[in-house]
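Chains here go by letter, A, B, C and D, matching the order in which they are written, and residues are numbered from 1 within each.
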Amino acid sequence: MPEPRVLTFREALREAMVEEMERDPSIFLMGEEVGHYNGAYKVSEGMLARFGEKRVIDTPIAETGFAGVGIGAAMVGLRPIIEFMTWNFSLVAADQLINNAAKLRYMSNGQFTLPIVFRGPGGAAHALAAQHSQALESLYAHVPGLKVVMPSTPADAKGLLKAAIRDDNPVVFIESEVMYALKGDVPAGEHVVPLGVADVKRPGRDVTLVAWSKMVHTALKAADVLTGEGIEAEVVDLRTLRPLDERAVLASVARTHRCVVVQEGWPFAGVAAELIALVAREGFDDLDAPPERVTNLDVPMPYARNLENVVLPSPERVVATVRRVLGLTEAPRRPAVAGRGR
Amino acid sequence: MPEPRVLTFREALREAMVEEMERDPSIFLMGEEVGHYNGAYKVSEGMLARFGEKRVIDTPIAETGFAGVGIGAAMVGLRPIIEFMTWNFSLVAADQLINNAAKLRYMSNGQFTLPIVFRGPGGAAHALAAQHSQALESLYAHVPGLKVVMPSTPADAKGLLKAAIRDDNPVVFIESEVMYALKGDVPAGEHVVPLGVADVKRPGRDVTLVAWSKMVHTALKAADVLTGEGIEAEVVDLRTLRPLDERAVLASVARTHRCVVVQEGWPFAGVAAELIALVAREGFDDLDAPPERVTNLDVPMPYARNLENVVLPSPERVVATVRRVLGLTEAPRRPAVAGRGR
Amino acid sequence: MDATLLLGLYRQMALCRRFEEAAAKAYSQGKVSGFLHLYVGQEAVAVGAISAAEPTDYVVATYREHAHYLARTGDARGAMAELFGKASGCSGGRGGSMHLFDAAHRMLGGWAIVGGHVPIAAGVAFASKYRDEKDVTLCFFGDGTANMGAFHEGLALAGLWKLPVVFICENNQYAMGTPLYRTLSVEDVAVRARGYPMESEIVNGDDVLEVREAVRHAVNRARRENLPIFIEAKTYRFRGHSVADPATYRSKEELRKWMERDPIRMLADRIQTLGIATEEQLGALDDEVKAQVQDAVEFAERTPAPEPDTVGEHVYA
Amino acid sequence: MDATLLLGLYRQMALCRRFEEAAAKAYSQGKVSGFLHLYVGQEAVAVGAISAAEPTDYVVATYREHAHYLARTGDARGAMAELFGKASGCSGGRGGSMHLFDAAHRMLGGWAIVGGHVPIAAGVAFASKYRDEKDVTLCFFGDGTANMGAFHEGLALAGLWKLPVVFICENNQYAMGTPLYRTLSVEDVAVRARGYPMESEIVNGDDVLEVREAVRHAVNRARRENLPIFIEAKTYRFRGHSVADPATYRSKEELRKWMERDPIRMLADRIQTLGIATEEQLGALDDEVKAQVQDAVEFAERTPAPEPDTVGEHVYA
């Protein structure tokens, strides 16, 4: 086995795309600024030079248009990777994803497969305000026919993106702008991480923290703090939201008897709610305390940094919630703000 | 007090709009076919004749365009009612609702109010297939800044629509195509039902069924069947999904100790999951059994009627779930189909 | 004039007409559910256009696509069984009238969100160009589609990237109950094509030969020169928007005027005038078609509905 | 030539320029966060256009709207404090650079989804017409917006309903790193206006008087005749798309050529040539403006950030 190399998250994603595109000429990358500009966040740096304008395609600003082009191309056998500059902009193309991509296979009785990846950064970066800071995974994960993938490490980013590109279904692949520079070991050689399989990023016996993407790191930081208090948190990284690896979550909760979900994005009818519903139903007898969640406060994202910090889940909030779930504090369950979040 | 009259759901909605438009000239109705055609589902029948082309405005097919026009008009003080022919078509305007309507007030620090109602039928009708059968309330209810209202009776339809029109926030008001002909008593005279207040549509002591819109009737039918078995189900009609009347739900569960949520639409990260998360957390000690939900199966809607019937929640499925929650059966928790629903 | 061609077109248009008459009847009997959008009166457009393309060219259409499906596949059984919601239907009973698909015949739907399929058609054409295949995509849509953002974006990308797609606007004068002049701020939909830019042609959509000629020319150019072309076919639907619509928004007089241009009758007249076939011979052809439709109805009736426990299949590959 | 007018325009353009220079500096010091899109080089468009409208006419703009905000309100403090994320900012620190609002001055944003505000502007104009008020709406957007569905739908409705809105395309040649010729399939954005239909005019966006004249004419017609008009102002941004963008995608030569047309310098030259003011007098004016900006920076620095426990306010009315 060759040694793993240290790559940034961004490089890992690029490597996945490059390797897959070398392997299969039916794969192409399309989106705003992916080519000549080398990517708004430089994920596709050098790819135009490598693959040429035929396969690395700059688009006009027309998300509905090029998402639809991707769907049409996938219908007849190409394997498009469609980059949204950020997932915030996918909302103008929501109809293409929800009404077309997610439903084609079913409506046609399986006559068409749709091997297409929609990818780009999601979630808050820093002070980008309400229209540019949305974690929209809960919207897309609601929709059968889509898969939803959100890696948390460079290794997973590479392995999951390769799996997503090889998958014959429309995959919503959400990265994180603030993680692109994150470094980590990436196995050398062929490295594919199957979709739908969660990963225990840190074992522990006292409480299960379920997270994905950026929030895995928030959970890990919280776990570090908790260790100092003699509390061992297990961190389960979902990696794929749809299909959800229910077994991994339930197995962890069966060991720890306590569960806190850490989710960026709004609480109401989010993926964290789904996980709590899962744990409450299937893990009811295992639980020693009600499952909880730490999410964004239930507000549009404010610009001011100090407000933004209050809105986003923090290790501190996770720690406080864990303490409460373990019965160590009697803190109020909800932040004392009008725009409520849990 | 004058006697209540029997109105259809459709007439009740129309009465709400007509009364409010008589009262306030800044209210107008805009949408596809609302005028000369008298409404695709005849909700606005006669309104063009009554109010003229200035206030009952037929639009081209351009949901992003006219949703945006509504938002702009509301920003400067008008009070638009924007009809989506069905909510399925709102997906092409999702950006206007989620990125603009929901966020304007916050981004502008409260300088603008946005008194606008987006309304139209949602959910499945009969055999309209995947693109025309979606219950999308969970998507919109996820978003802070929007209110989401879904009445189940003609009286509530009228009272809630009047409240929605008078509300100074963007309101997503989802009706049901298959309920437009439903008849019911509607109080005479001024009748406004406040947003955010649930209603117990049937009292009971053994289990709480939480539902809204069409599913209230499914729950009531199930309750009737259960009565025959000596089980008294309480049916809580949420009426408003956002803001959610948590107190009403928790109060009922505190009495019955058991909870089944009945939701049209996909299970994953739906409103039913939110309710289960709520009950699991705040009602944990009250519960004698894990909270459950009955939802659509987790598939795009098939056309064939026999398949459609399998996908949608039915009184039978509710009854079976209640029996299980009461420990009366040991039926498998999940329908034995690949595209899973709970 | 090529007799075989004319008779073939006649047969296809008659098949569409008879098929839809039978579908409407089945609907009234409760055997067909959901929305049923008839193409009666517009047959010359789909039949003329699709006859002008190679069988390997792609067809992308709307919810009003029985004729497109039939013109492309000839498969009345598959379409009728689909309307009946049967497993033997061309979409396995999952699609219904609005979602007829046949991958083998490159019939790519059947899409029911107005305008949503326009970028998809551009994408199919993109794939042809990408793979250096010489197939052209025909994209059908109604006049009411011209104000949709997806229409604009699809045309803009096709224009920019010079994709081999022929956009065919089926201008039947109405979008549901709304006459075009109330929603379109320009005289012809074709005016909009100039902004992308795209050559456009306006044709008499009730003359199957005129449609065919224009589309043949467009398809050839699209294939040869790799570019999009816009055709607006002026026609009329004789029935309501769907079978549930009594179409009271238009005058009897208007309907009568257009029915005088019934594309099937016009073609029949031409065939007779040219001495290619007699009225009786056309009647016999029509009988054949009726028998085919009757067979399709019987097939649809006797084949089973999908098994309930297959409901979870085909969500994912 | 009206000396007061010219000096006023000069002052406003200088204010925009100095404001953004200070904002960029504050950004580099970490005092301003998020995205910061500078309008440097384009000032003649916003200043010329807004000066041509009545103060009661509405302004709707994009995320590149410092100049529009300043031209409309003159309030450097409110804008700078907003960039600093302070409660004293014009959007209370909730909006930031991309979302400057001032309801009292009819400055209606500050929108950051490309094209999304175009139908909103049409809606504001709709309200004016509905209430029989004679206000006109100015809607600003970039060249890169022309392929968006929302742009199409907004223009289509404005054209159909004859809404009093002046659409002003700030054609700065680039959408982020993409030159317009790579995304627009026609020569000028203005070509697209014809499809709605809408009269259009192309102006030199670096000549504040030319912009002003064209917009004045357009606003008057829009007000009098209740109709939309399209203006394309050709200009150039001297900086990157945002301060984070080094703009390496264009040549020094190209930049130099455009900088020779610096709209502020051109106006200064004209003022001097006409003998309205000397270089020294303009320098003094510039110093005044710098002082105003300096005051705004100090204001922004000394006023407090929003109270954390107000974070839940203004989600709902």
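The rule is short, and it goes like this: a residue touches a chain if its C-beta (ideal position, glycine included) is under 8 Å from a C-beta of that chain, and two chains touch if they have at least 3 such contacts.
In this text the structure is predicted, and so the values were computed from the model without any measurement.
Engineer: With chain centres defined as mean CA positions, report which chain is farthest from chain C.
Structural biologist: D
Engineer: From the C-alpha centre of chain A to that of chain D, how far is it in Å?
Structural biologist: The mean C-alpha positions of chain A and chain D differ by 36 Å.
Engineer: Just give me the whole-number Å value for how far the CA centre of chain A lies from that of chain C.
Structural biologist: Taking the mean C-alpha position of each chain, the two centres sit 41 Å apart.
Engineer: Roughly how many whole angstrom separate the Cα centroids of chain A and chain B?
Structural biologist: Taking the average C-alpha coordinate of chain A and of chain B, the gap between them is 29 Å.
Engineer: Where in chain C do residues touch two or more other chains at once?
Structural biologist: Correct list: 91, 93-95, 99, 111, 113, 116, 147-150, 153, 156-157, 160, 183-184, 313, 315.
Engineer: Two or more other chains touching the same residue: where does that happen in chain A?
Structural biologist: 59-60, 62, 64-65, 88, 91-92, 95, 99, 106-107, 129-131, 144-145, 298-300, 302, 339
Engineer: Take each protein chain as a node, join two nodes whenever their chains touch, and name the resulting shape: line, ring, star, complete or other.
Structural biologist: complete
Engineer: Help me check something: in the complex, which residues belonging to chain B touch chain A?
Structural biologist: Touching chain A from chain B are residues 64, 88, 91-92, 94-95, 98-99, 102-103, 106-107, 129-131, 138-139, 141-145, 242, 244, 266-274, 276-277, 279-282, 284, 289-293, 298-300, 302, 333, 339, 342.
Engineer: Looking at the complex, which residues from chain B come into contact with chain C?
Structural biologist: The touching residues are 32-33, 36-37, 40, 58-62, 64-65, 88-89, 91-92, 126-132, 297-300, 302-307, 310-311, 336-340.
Engineer: Quick check on the complex: what are the chain D residues that touch chain A?
Structural biologist: For chain D paired with chain A, touching residues are 33-35, 82, 85-86, 91, 93-96, 98-99, 111-116, 144-145, 147-150, 175-178, 182-184, 249, 305-306, 308-313, 315.
Engineer: Within the complex, which stretch of chain D touches chain B?
Structural biologist: Where chain D meets chain B, its residues are 58, 60, 89, 91-95, 99, 101-103, 108-111, 113, 116-128, 130-131, 149-150, 153-154, 156-157, 160, 313-317.
Engineer: Which residues of chain A touch chain C in their complex?
Structural biologist: My answer: residues 28, 54, 59-60, 62, 64-78, 92, 95-96, 99-100, 104-115, 144-145, 147, 167-169.
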